[in-house]
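Heads up, there are several structures right after this.
Both of the next two complexes hold subunit A, though its partner changes from subunit B to subunit C.
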Partner chain A sequence: MIPVAPPVQSYVQNDVATIVYRIDTTQSDFWMQHTDVSIFWTRELQFRQLTESTRKAKAFEEGWDGYDAPAPNDASVARTLEVLSRVRDSKLSPYSVLPSADGGVGISFRGNANKRAVLELLNDGTSSYILFGKGYPIESSEFNSNTDLPRILQRLEEYL
Partner chain B sequence: MMAYEPQHLNNAPIVEAMIAFDFVVAEGELGQIRRSFVEQIQVEYPTQTPIQRAEVTFNPEGSTGKTNEVGSRCVSMNGKNVCAISEHTFICSRLHPYENWESLRSEFQRLWEVFASFGKVQVTKVAVRYINKIFLRTGSEIFDSVFTYPKIADGLPQDTFGVFVRLQIAIPEPQGTLILTEAQFPPERPQFVAIALDHDLQFPVTDEATDIWALLERARELKNRYFFASISDELMKEYL
Partner chain C sequence: MPPQRTDGRIADQTFAADEFLFRRVPNSHIEEGELSLLAIRNGFKFEKNPPDCSSVVRSKYCAHFSDALHPDCAENKECPDTTVYFLRVGDLAKGIKPTEKVPKGSWDLYPNHDPLPRCYAHSTICSCEHSALNIPVRPPTSVRDQFRKWLWENLRSCELLQSSAANEAGSGV
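Coming up: the complex of A and B.
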């Protein structure tokens, strides 16, 4: 039979995490053999890891930063996954996905000349971006992740 | 079996097409050749980054590590064409949307001739690699669409949600190797499963096969034949 969609919940249940990690490690070993030459496989592996990082963000508990940072909620994680799928179709290559101290998830990018960008998808439903780098003016704004994302991704491509 | 073999699919599911030469140069010359080459193509391929190789050694006294620059990756203005040079390999990639063989081949040849103009370079292997991403409806019979795929023993559960296949197949004439890779992707579209069909054809340059451009054309013929032999007519019609 055609493979079925994986049981997504298994990726976020702690009790099966060891097994999932082991499978992913095995697959990554294979995939790594392709990453030195294929742009496509390199990007697939990268987004696979970013997707996993996003799902694992839900495992962070309140106060994870040693202060009182809220844990990312289901909504912010789901929106981050949506944004990642859109980023995947762009020229952008995220550097990391991590919980945000403001409650939510942040997607980080690194560009030329130490330029940086961060997209934040917060627990309260708001989204924002910030562009910064030594010698460059800081640019930041909130945006609607449902309607403004193409424009924001274009801006990041230009900036980075 | 395929009833016909169209030469071009207007909506080919190709996500990356690559042509590559393996080569040798005189010891110590590659760095200068590579630097001259990337400088020469900088206007057309402005995003240039080093390819680095990290080596970590573990031993009872501790671990040591070092990073070496072993090549360069150059990306075109539109981000769709990539030229990468590593220690022994010269590669041109075309990312989605794929245009056609002629444009990829002519760009490869143009860049290779620039590269080879900076030193004495001998080609040792010719390779063509096409990576396709195909979507199959969940619940259908996979062998109706894709003809090379793992068969699960009848006594086992049949629903899979992770697949990775890598086969090395000998190509008889001209002598070479087909590295066939299939992998299932995480869900992207409701009711569909995405599968990579990756055909990497490699041919050593031998005394019997010294014309590298003729060998490349032969590689192209075979990659077409192998692709059309790998999927059903019904699936292929979706890409016409």
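Coming up: the complex of A and C.
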């Protein structure tokens, strides 16, 4: 079911941070009466922001890390957008999207007790996941983003 | 003051355990004070040729950690929106074992002094087998992963060095 849309004025802002601010400050009554709707739209806004971060990753030039990290290419950005849309259908909430020093784009997750996870979509077409955290052993593997993603997202859900 | 130039000096491969190695980190990859793993290359460029390994600047020949940001030590580039992080030589990861059944053995990180004409402090961090000290090799995949996580856990912002120095100065008053 598609939740009831919030008041129209929430959408007229272009800046995501401004939208959140307006939701919190001017329409609190609406959101307090529609908690499930609030969660839905908060997640919507979060994924819009992550999508924007993915597109902006293309603006990072070679050497962006202060050394010789490659810039993300169009293919890695496109694959990240596809993976993000699949993550959106899961229970996972990504923390950020950033270029990877290996060349490509990474989606970061933060979980309980300092657990962390990263999905990397690299320029050379490879994809990998990494589960790690302070005091935890590292788990990582390459995967096929076309066929293995449901299994990998489930593993991330279990871990985080 | 610009970084020390090499001026004909040879490399000095003696590193004290309490010496620092400085590395640039883009501010974009510091999230709520935490370094993103994505800022650290998988494998950290562990190459067989030490000058091709990942660059750092050693404190022994630095006036200040900000030497790492000077164009002479940064491939002639300006480094806006960059923070300098550090590692301590004595803390570098040692005896990391692969999770694969083959190969056997364990791997270490070690510093290698690799002076550049206009940056005598320039060095690299290399990897070697524990049983063959300072002979650079590319470690197996699972060891590279563990080194990457180790770097993520152990790279610290030089702001910590500044604040501890300020505290020491304050306690001496």
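The rule is simple: the second predicted complex is superposed on the first by the 123 of 160 C-alpha atoms of A that agree within 3 Å, B and C clash if a C-alpha of one lies under 4 Å from a C-alpha of the other, contacts with A are read in each partner's own complex, and residues count from 1 in each chain.
Throughout what follows, a residue touches a chain if its C-beta (ideal position, glycine included) is under 8 Å from a C-beta of that chain, and two chains touch if they have at least 3 such contacts.
Note that the structure is a prediction, hence the values are computed from the model and not measured.
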item	value
Partner chain(s) touched by A:118 [first = subunit B, second = subunit C, both, neither]	second
First, second, both or neither for A:150, with subunit B first and subunit C second	neither
Subunit B versus subunit C as contact partner of A:64, first or second or both or neither	second
First, second, both or neither for A:140, with subunit B first and subunit C second	second
Which superposed partner A:100 touches (first subunit B, second subunit C, both, neither)	second
Partner chain in contact with A:130 - subunit B first, subunit C second, else both or neither	second
Subunit B and subunit C footprints on subunit A, overlapping residues	none
List of subunit B residues in touch with subunit A within their complex	15-16, 18, 20, 51, 79, 82, 84, 86, 89, 91, 93, 95, 129, 131, 136-142, 145, 158-164, 166, 181, 183-188, 193, 195-196, 198
Interfacial residue positions of subunit C with respect to subunit A in the complex	24-26, 28-29, 31, 36-42, 54-55, 74-75, 77, 79, 82, 145-146, 148-149, 152-153
Complex contact set, residues of subunit A against subunit B	1-8, 23, 27, 30-31, 34, 36-41, 44, 48, 51, 85, 91
Subunit C contact footprint on subunit A (complex, rising order)	60, 63-67, 69, 95-96, 98-102, 106, 108, 116, 118, 120, 130, 132, 134, 138, 140
